[in-house]
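Chain lettering (A, B, C, D, E and F) follows the sequence in which the chains are written, and residue indices restart at 1 in each chain.
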Amino acid sequence: MRTNGRGPRDLRNVVLEPGVSKHAEGSCLARFGDTHVLCTASVDEKVPPHVYGTGAGWVTAEYGMLPRSTHERMAREAARGKQGGRTLEIQRLIGRALRAAVDLRALGTRTVTLDCDVIQADGGTRTAAITGGYVALALALRGLQQRKTLSRNPLARSVAAVSVGLVEGEVCVDLDYGEDSTAEVDMNVVATGDGALVEVQGTAEGKPFPRSDLDRMVDAALEAIGRLKERQEQALRG
Amino acid sequence: MRTNGRGPRDLRNVVLEPGVSKHAEGSCLARFGDTHVLCTASVDEKVPPHVYGTGAGWVTAEYGMLPRSTHERMAREAARGKQGGRTLEIQRLIGRALRAAVDLRALGTRTVTLDCDVIQADGGTRTAAITGGYVALALALRGLQQRKTLSRNPLARSVAAVSVGLVEGEVCVDLDYGEDSTAEVDMNVVATGDGALVEVQGTAEGKPFPRSDLDRMVDAALEAIGRLKERQEQALRG
Amino acid sequence: MRTNGRGPRDLRNVVLEPGVSKHAEGSCLARFGDTHVLCTASVDEKVPPHVYGTGAGWVTAEYGMLPRSTHERMAREAARGKQGGRTLEIQRLIGRALRAAVDLRALGTRTVTLDCDVIQADGGTRTAAITGGYVALALALRGLQQRKTLSRNPLARSVAAVSVGLVEGEVCVDLDYGEDSTAEVDMNVVATGDGALVEVQGTAEGKPFPRSDLDRMVDAALEAIGRLKERQEQALRG
Amino acid sequence: MRTNGRGPRDLRNVVLEPGVSKHAEGSCLARFGDTHVLCTASVDEKVPPHVYGTGAGWVTAEYGMLPRSTHERMAREAARGKQGGRTLEIQRLIGRALRAAVDLRALGTRTVTLDCDVIQADGGTRTAAITGGYVALALALRGLQQRKTLSRNPLARSVAAVSVGLVEGEVCVDLDYGEDSTAEVDMNVVATGDGALVEVQGTAEGKPFPRSDLDRMVDAALEAIGRLKERQEQALRG
Amino acid sequence: MRTNGRGPRDLRNVVLEPGVSKHAEGSCLARFGDTHVLCTASVDEKVPPHVYGTGAGWVTAEYGMLPRSTHERMAREAARGKQGGRTLEIQRLIGRALRAAVDLRALGTRTVTLDCDVIQADGGTRTAAITGGYVALALALRGLQQRKTLSRNPLARSVAAVSVGLVEGEVCVDLDYGEDSTAEVDMNVVATGDGALVEVQGTAEGKPFPRSDLDRMVDAALEAIGRLKERQEQALRG
Amino acid sequence: MRTNGRGPRDLRNVVLEPGVSKHAEGSCLARFGDTHVLCTASVDEKVPPHVYGTGAGWVTAEYGMLPRSTHERMAREAARGKQGGRTLEIQRLIGRALRAAVDLRALGTRTVTLDCDVIQADGGTRTAAITGGYVALALALRGLQQRKTLSRNPLARSVAAVSVGLVEGEVCVDLDYGEDSTAEVDMNVVATGDGALVEVQGTAEGKPFPRSDLDRMVDAALEAIGRLKERQEQALRG
């Protein structure tokens, strides 16, 4: 039995609160249990060099953790003078995941930057960032349409993400920190609202795992992402 | 007339919400109108080299702004690879201010680090950080007593801070971003709950100002700090 | 038809040349077609702080590309003053993959560092690094046994890696640079010699992909890894 | 009694030597007792981005200490790879102080950079830098007029600075290093030649201080700045 | 007697293998005994700022060592975040040496960058880099002529380099690592194929040395460079 | 004819002013015409890791230029976040040169750091730094003897340096900036007071130069160093 009486396929209490920032073009505070990630979408009427001249736009992401978002205080990356490998890896993942939601040509020559800052961490910060980041992105794009900057919505599909793992031999979704620490396999799945895969990352934490476990974990993740899609729709209806 | 019908000596709506962090030894979300600063206090059973061997403890602070806490998105300091001069100046000020609240010998050989992260900015982030940081610090020290780590409270006095400025010739306290941008003189005052000065920083933004204006601004600030002290006491009673 | 007349499931010409370094405790030049990665294993009689005191050892990796290993010259990371996100992500992957091959307790309190430097790049540098890095690692561990530093071999299993992708709708293994650039899905699979999974990373480059494609790609990758295992054994017999 | 028989309101021996640099457009070696700061003013026919397009000019400052300007050798900031918080704080102060002396519109689209380098330190380096920096700045602006680059002098007023502190309960101006180390309150005041305030920074080193001490310190500082103004005029007459 | 039966004036086994890189415009693997340096020449149709507008081109160099090219593993400069003083000094030397081979006006507004990466080190890496870098450079320039980008060859003269030292009182050329470590004087000489000097750098490792030793070492180096010139011609004929 | 009526073998007006720093264990302001370098020697009772445990001491140097020591203002290295290649090369040279003056075993387990800061530059800053640095070093070592920290003087020999070049075909010593810019060959020679060579660095600025020019330049440099030795002795007698 999991903490809070969750069954293996149950998500934590997921709340996606839209419009929490006074300044950002789009924003969402994503809470997955005690994991809280503030996602803001900022629109800039420029594109980075590698896109310049193609007519397309760009979607990118940055990720950070407040120093005391974790159980033990972590050194501030700004003070250490560089972002660590884990941070860079996560923000590259968030960027790829959210670009999959957008028709970059329809976005026009502008950049949307998703800042995903972890206010409090209890496992699954990257998947909360993707799921909440999608809401912030959708709100920013809606704003561009309402201000007539865009004539049609460049959102091509919804994208959400969830963690899944093998904990004591059982496939569990949306692991909290305690479960994550003891999982034998740790996996993050990003998929569209209708179940197509965007990114799959699975790692054996100790012993290598059989092919059949991969199958069971992907199944569980896709089912959970279907439920996250409903929360996203609800947040965007609000 | 100021926005929201404030008179020149009125504070914005100030809310000091204690205990907002699951992990930190002490925490406070300080809201001064639309300025929101998350303050966490982390206790570490070590001291920095310059204190080592003296028997005393240390209190220090770090400050950061989320990239989209501001009207326009700012570059992330972790990504730029260094903290800017303004950040370093502010976190040095917060550290000095909060050390004035503590008997460092009574603290013992441990360090309390205050992380003050601006979630949303609308002027006065450093004074909100000091005022809320005091609450987080006091809660952390109370916890050390409750866990019998400390036999007596090393808190020597309460400390709070407020901005004050000359706006169109009038002395106003607790400036919001719009007022701050147009103020002729910009000042930050840190003081104890009973009106002794800890730090005074005043800057002419355009024309140099007469001695008499300094006097009027310090008077107004000390009066406002008296009211902030009450909010702090209330938050700590909670 | 692929370049050089390869079928979809055919590897490029793979040569694992052991013992190429005069100085390193273990080494292997891994050539997958025109991709050449020099892998050296260095043994250090110390462990990093997070392992210190546990009695176990550590295996880690660093990755780099010579500036003109690529079609266009890339800026040297040492001159730019930092390793990019892609570099950090790849070297973290190599480290995790090769730790899966080793019983870290049996290694004792020492660290093996795998340096994987790309001399020439034509797609699949990270999978060549893992496959050749395993050979370098095995040789270094064999040396520790021969010098009686270790009484038994801490190698627990063999590990190899291959890329696999969907190119024009067909599942192809071991993509070269040209194929990689046009693949619809790009995947890297790390597995043991007997087909258990160590790491799976798959990314939709454009459109999200169905669950069934994932299955076909993993099948093809595992089959290819079986053949890479034979090359590794051959290199280690030499 | 202070060292060298100084009374509480006496400055140290102050010498402002103009024109000490062969290359700079303006220069001054400011000696306050054993504190020696070399100030050079460099004129550049460009403005920084935040001023670009406004038609105005800019005045900025950089500050540094030679490694052995101090009693114990300090690490060289260039070797450590960054300027410390104290350095950034001081050079921001010098820049603000000297901008108050200039009508930036009358300066035209050019930048004057004041480099203030501490050759030898014995307390009060930042106030010596401002006082000597003013002389270097005035000489550079005079040169622009003499070369007919400027038709009128953009100098709006003179600016000087002094430290003041509470030492054993007594208000003393222009503290040397020994006094500074034992002062209960440490203050820096920047003011114009006719006694208007440009910047006031006061810090309780130990116990918070009463409002009345602030008043006494500001009075003493303003009086001392009147005498520094005379030294500046004398240096500029030379 | 030297290792491998070399006489004092004998070079090690020198092999200059041209055209080793699939991607670079020119390349050469320079082997001086166990010292192996991979030299690639990359042509870029731009010039750096300090040459811009002069009509001339530029030749520059970068130098690096693989972490385990040495007996003990060295920290990777990219990971340490900066190039060390030795690296910068060597790459400046290589750049100056190879610029002496080229008529920069005849090169036109383009830059040739020589990357000299040490695959394995056994003394004399900088002189191997210059000698092999010349071959890579010459091949890249020949390619520009063959593609009719250049109408005439901007190569003005051949350049090669050798180390020379006083080992146990005897003048020896092309020192290996063991000899280098015990040499009393260590010298690097860069010269043209017909014996004119480009750069001379000699350093007493322990005791200062008499003028007459300098003369003997320069003589021996110039003679050895004559033989290296033949190897370069042979590599370029191939 | 050279500026100031100098003949080809004449030094500029050389003044070595000892004891200019209040704090440093040894100091010298070296003026070679308009080139002014402040040299301080700092003694630290520790040695760097590569010397630790050998019983010997160490002598090292750091070099810097004030931003406006040059004709055009240069960016401050501390602000740019790193020391450039030229700076590192020069400070390594100064360190090697001054170590040649000292018996490091007799120095004992302590480090002398020479800081050579260019106050004003007009060519030949590195040779002025070595020549003045020797005086600062000798004074610091004399102080160690006077305080009985050392029983005998670890100074083994005097060391000085001078630049020499081919200007319009003529061998000239101690080049000023204007001469240095037009010299065909630029050379720096470090030697002992009795004419043994410590370091020789010569570079063809344009065309390679014949062996005979090297001989003439070394002759002229050694003669000039003989005269610098006298200035050093005079400064140390003072």
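Methods note: contacts are C-beta pairs under 8 Å (C-beta built on N, C-alpha and C of every residue); 3 or more make two chains touch, one makes a residue touch a chain.
Everything numeric here is computed off the predicted structure, so don't read it as measured data.
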| item | value |
| --- | --- |
| Co-neighbours of chain D and chain B - touch as defined | none |
| Rotation in the CA alignment of chain D with chain E, degrees, nearest 5 | 120 |
| Chain whose mean Cα position lies farthest from chain C | D |
| Chain B against chain A, contact positions shared by both copies (same if over half, else different) | same |
| Rounded Å distance between chain B and chain E, as computed from the means of their C-alpha atoms | 59 |
| Distance from chain E to chain A - Cα centre to Cα centre, in angstrom | 51 |
| Centre-to-centre distance between chain C and chain A (centres being mean Cα positions), rounded to whole Å | 28 |
| For chain D, residues that touch 2 or more chains besides their own | 81-82 |
| Ring topology as an ordered chain list, initiated at chain B and continued via chain D | B, D, F, E, C, A |
| Contact footprint of chain B on chain D as seen in their complex | 82, 84-86, 88-89, 91-92, 96, 100, 157, 191-192, 195-204, 207-211, 213-215, 218, 222 |
| Complex contacts: residues of chain B adjacent to chain A | 21-24, 27, 34, 38, 40, 42, 44, 62, 64, 66-71, 73, 76-79, 81-83, 87, 113, 115, 117, 119-120, 122 |
